[in-house]
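In the two complexes that follow, chain A is the common piece, with chain B as its partner first and chain C second.
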Partner chain A sequence: MSTTRLAGVLAFLLGVFVLVPLFINLTGRWDFYYTLTSVALLSVAAAGVWLTFYIGRINIGQGAYALTGGYVSAILITQYGVSFWLTLPLAGLFCAAVSVLIGLPILRLRGVYFAMVTLVLTEVARLTALALPVTNGAKGITSIPLPGELSLFGLTIIPDFSTLGNPKLAFYLMATVLMVLTYLVLWRIVNSRLGHLCRSLQQNEELSASIGVNTAMLRVLAYAISSFFGGLAGAIFVAISQSIYPSSFVVQDSVNFMLYCFLGGLGYVFGPMLGTLLLYFGWDLLSIAKEYQLLIYSGALIALMLVLPNGVLSLLDKKGGRK
Partner chain B sequence: MEQILANGLYLGAQYALIALGLTLIFSLMNVLNFAHGQMYVFGGFVTYTVVAQLGLPFIVGLIASAVVLAVMGALIEKFLFRPVIRKSKRDESTMLLAAGIAFFLDAVILLLFGEKQRGVPKIVNGVLNWDMRIIMPYDRILIAVLAVALIVGFILFMQYSRTGRAMRALAQDRMAAQLMGVDVDRYSMIGFALGAMLAGLVGGLLVTITGINLGMGGPTSVKAFLMIMIGGAGVISGAIAGGFILGMMESVGLTVLAAYGDITYLVIFASLMVFLAIRPQGLMGKPWG
Partner chain C sequence: MTPILQIKGVTKRYGGLTANNDITFDVAPQEILSVIGPNGAGKSTLFKQIAGFVTPTTGEVIYKGTKISGLPPHKVARMGVVRTFQETTIFKSMTVRENVIVSHHLRSKASLLGFFFGSAQAKADEAEFGKSADDIIDFLGLQAIRNETASNLPQGHLRALGMAIGLATHPDVILLDEPFAGMNHDETMRMVALVRRLRDERGLTVLLVEHDMPAVMKISDRIVCINFGEKIAEGSPAEIQANPRVIEAYLGSEDAAIGM
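And then the complex of A and B:
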């Protein structure tokens, strides 16, 4: 079992880091880099949403944290001259801190109530970005410099992006490395004591509280980790587009993150990654259908839901019967 | 001040009608209908087509949009929600379906009616001017009165008709209702159709005043969610209260906070989050709905 799993992971890494660049080089479809970078980043944010699903909460507020993370990074770079690589963890940590403050009261809510509050949270983030002076209102923050050099003791680890001949490839590699790390962390969390405790929350919160699980702490922790991922993804998005506006992440994005998780399957760690790939890439490919794009896309979404209501990865269940 | 109150009541009547449909669907089937805003837009476009393009009287357009949306709601329940609810492991899967339907309706509206802002001519001319204290066009008053009449009619229907009683039983306890011989499938379908019909009616009413366009669906859904959060999800009185409260807050906020820029909704959202932290189930909801 473990050798097949190892082989699967190796095949996945080979595909992401070798085959995809090779394929793009051969076919010359450089625009795929942008699409795939977006997929990688969105799946990082979706991983966070998935973790909140794992404790039994429907999170439709990831867009708020992506926006916050993006603004933190953009403001630190443009106004304080902080290196991009330092702002990345700072953006994540800031979002985690904010999510603890917000999460403490709202995580008491359950079911649709939590879902609706988080949905409203995205609107709050957008309106706050419009109202605050530091975010420059509706004009947003533009012409943010590309990520600079990252060096340790004079040794260059990552070169300055603006000196690279092909920043698209660099962004692709950065995003995918981050994605792999995120899912490694997620997989580790799920298969640890913390993961078992989260599952107990998902099944019955009262019962797990009654046998001594600190449910309040646990759900805030899971929510903070989730928001950390959201902030991280937002910060890199800003670095790629070199600009951020209050409407960079809206309610629609938050809903999409949730859809990615559903589509991939809520019971599977790699569900959100697959869901993001299918939905985002599918949407991109459907652009040839012009005005029927949305019709076909949503029709496929509904059909998929009718056939596989538990996510695409539930196909594995029928074959192997393992989770 | 009187003007603000009148505006608030006018907004509240429409909002309450939108929230009623959403809360009805939620209480019966535990489905958060993301497509509610799109159904509202669809209803508006049906009325527009009948009134402005076919030249029929307004009341025909209103009835047409009610019928079209009721049929649409019934079909969506029977062929989409029912099988998914039966097969899926987690209740939340219906949210993906609802979001998919929202996208689908958006696409259909775009293809059928286009992306332009549409409106119908005023149904009543003239403006009520009470001593310069309240100024309100007659058509707005008519719409508000119609909305209130519909709300009252809906409440009477739910209280005293056989169908209404069955639906209330279903909302209270699905299993018990089934054991008492209520045809659960049939009344779920009727309930969904009724909820969609209410959305269509509001769309038909509002097309005469604000007009209608494709982009209005999403924001309307978010507002409707707000209202049922204020009042408590799945409770009819809560939806009405939530609608009127939001209408009042919007009307007061737009006047009082105008000096500080466009922050009315920020204040509303922030106060809502504080309110929900203290009272998670809303004004009248049951805990952990």
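And then the complex of A and C:
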């Protein structure tokens, strides 16, 4: 790793874990914690969407997995008394398993056909949540306890959130740590052979198969990793709001995940993270424009896509920047 | 000599259309065999069936004694039969070297997880791929454009790159789909020499589908001629040129095309 890149990463970590909490402490804008926690979690889900883009599939169905992950966590906690920390990986794994079953047939589709099917998935997930007895229908699952203590060999690693004076900060740290880990994994995937194979798939599936790549397996693998991220993000969202309803994640959310990737840049690992930050914050900031909020927001989106079709991060390329 | 590849009664029907009808021939190891025929004769369909992209309706393809028809392309490639594509099928936004390196997939000994965590085996694999890719690039004379993005390359180089991608899988049998299409005389002659070297220096068995008759006559050990999905002749270039059924198939406008 080059020194500039290392410096960049260190500056980023310093900003996220030291400067932001410091800034919030000084200004007293505690609501920023909630916003930034959301950004971190949304960018985890968007990272998954980005990975499906990387194999050449437009994924507008991440909301389905966020919802599924959220429900898995909520049900395990409230009905089976499982620790939140254990439900987190379980939610991810459950989503990955479901996505394998769904992905096997639908990943054979390409282009707009795959996109349309995934668009429907979110709605299917919502209707399923409404219909199943275990999800408690439209009433949803509420009063979910805050994450408990995580201890290993009697050693407390993470204290019980309900005993904390400032759970907002705790959630912020949890979400950002998860975000950093997610992007570390994503970066490693893209820069290892797995990523090169994904790129070969994105550019030409027939050729990829003829050089011996098991394209069906690779597509499902990438989609499963993608859904794993979606499930994780969903589970933490539920822990924060302590409740989940069938409408907690809707089609609009799925579309947003895709937009974050587009706007940040599909060619850049950190594109979805930046895209999420800009769009989510941008939307919040524009609330001062009241009834013109959506108009300005959409106008800015269209302008950005026209001016920077390869995403905001493509600005770096002109200076010979990094990928 | 035992054949390396046997095409046995391969028939492919699409609804009422018969693209290939009961085609049978053998390919000897290290042979250069061309499949010729007028447009729409079913040559490409035959190639797709050999490489696993299309499953024959009836009949089978046997490679070194094992049936390969019906297997998916990546399994056929793993066994050593690899197809290059008509026109310019490459990984467009990768450089030439990246194209060749990524195509070494079949040579990797480390697992994907190993590559993710950067295991010793994965590092050894990567080093080997790089070295082998450079060998192939040198072999095909692509040194000067090693780091060029593939989408910027002219036609002739793309064709060579397509071949490099095929070679990177280290096949025993390579299927070349119209390797001379769209080339001028000089380019064709260079490509003919190159295909010979594939056999002579790398020990490959070469199957090719081609329209350029002078080139086919020059390069082939044997030729199989297909018309309307059926094999109408098989033999040496001289035999094919003298075969009345072949002449009939090409009769009229294309008399000159088979080198008469």
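Simple rule for what comes next: the second predicted complex is superposed on the first by the 319 of 323 C-alpha atoms of A that agree within 3 Å, B and C clash if a C-alpha of one lies under 4 Å from a C-alpha of the other, contacts with A are read in each partner's own complex, and residues count from 1 in each chain.
Throughout what follows, contacts are C-beta pairs under 8 Å (C-beta built on N, C-alpha and C of every residue); 3 or more make two chains touch, one makes a residue touch a chain.
For clarity, every value in this text was computed on a predicted model and none was experimentally measured.
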Touching partner for A:285 - first (chain B), second (chain C), both, neither: neither
First, second, both or neither for A:266, with chain B first and chain C second: first
Touching partner for A:9 - first (chain B), second (chain C), both, neither: neither
Chain B versus chain C as contact partner of A:181, first or second or both or neither: neither
Touched partner set for A:124, first chain B, second chain C, both or neither: first
First (chain B), second (chain C), both or neither touched by A:213: second
Chain B versus chain C as contact partner of A:196, first or second or both or neither: second
Partner touching more residues of chain A, whether chain B or chain C: B
On chain A, the residue positions that both chain B and chain C contact, one per complex: none
Chain C to chain A touching residues, read off their complex: 51, 53, 72-74, 77-78, 82-85, 89-94, 98, 101-103, 105-106, 108, 110, 112, 115-116, 118, 122, 125-126, 165-166, 168-169
Residues on chain A engaged by chain C in the complex (per definition of touch): 188-189, 192-194, 196-197, 199-200, 203-204, 206-207, 209-216, 221
In the complex with chain B, residue positions of chain A that touch it: 53, 58, 102, 105-106, 108-113, 115-117, 119-121, 123-124, 127-128, 130-131, 251-252, 255, 258-259, 262-263, 266-267, 291-292, 294-295, 297-299, 301-302, 305-306, 309-310
Chain A contact footprint on chain B (complex, rising order): 26, 32, 34, 80, 83-84, 87-90, 92-93, 95-97, 99-101, 103-104, 106-108, 110-111, 218, 222, 225-226, 228-229, 233, 261-263, 265-266, 269-270, 272-273, 276-277, 280-282, 288-289
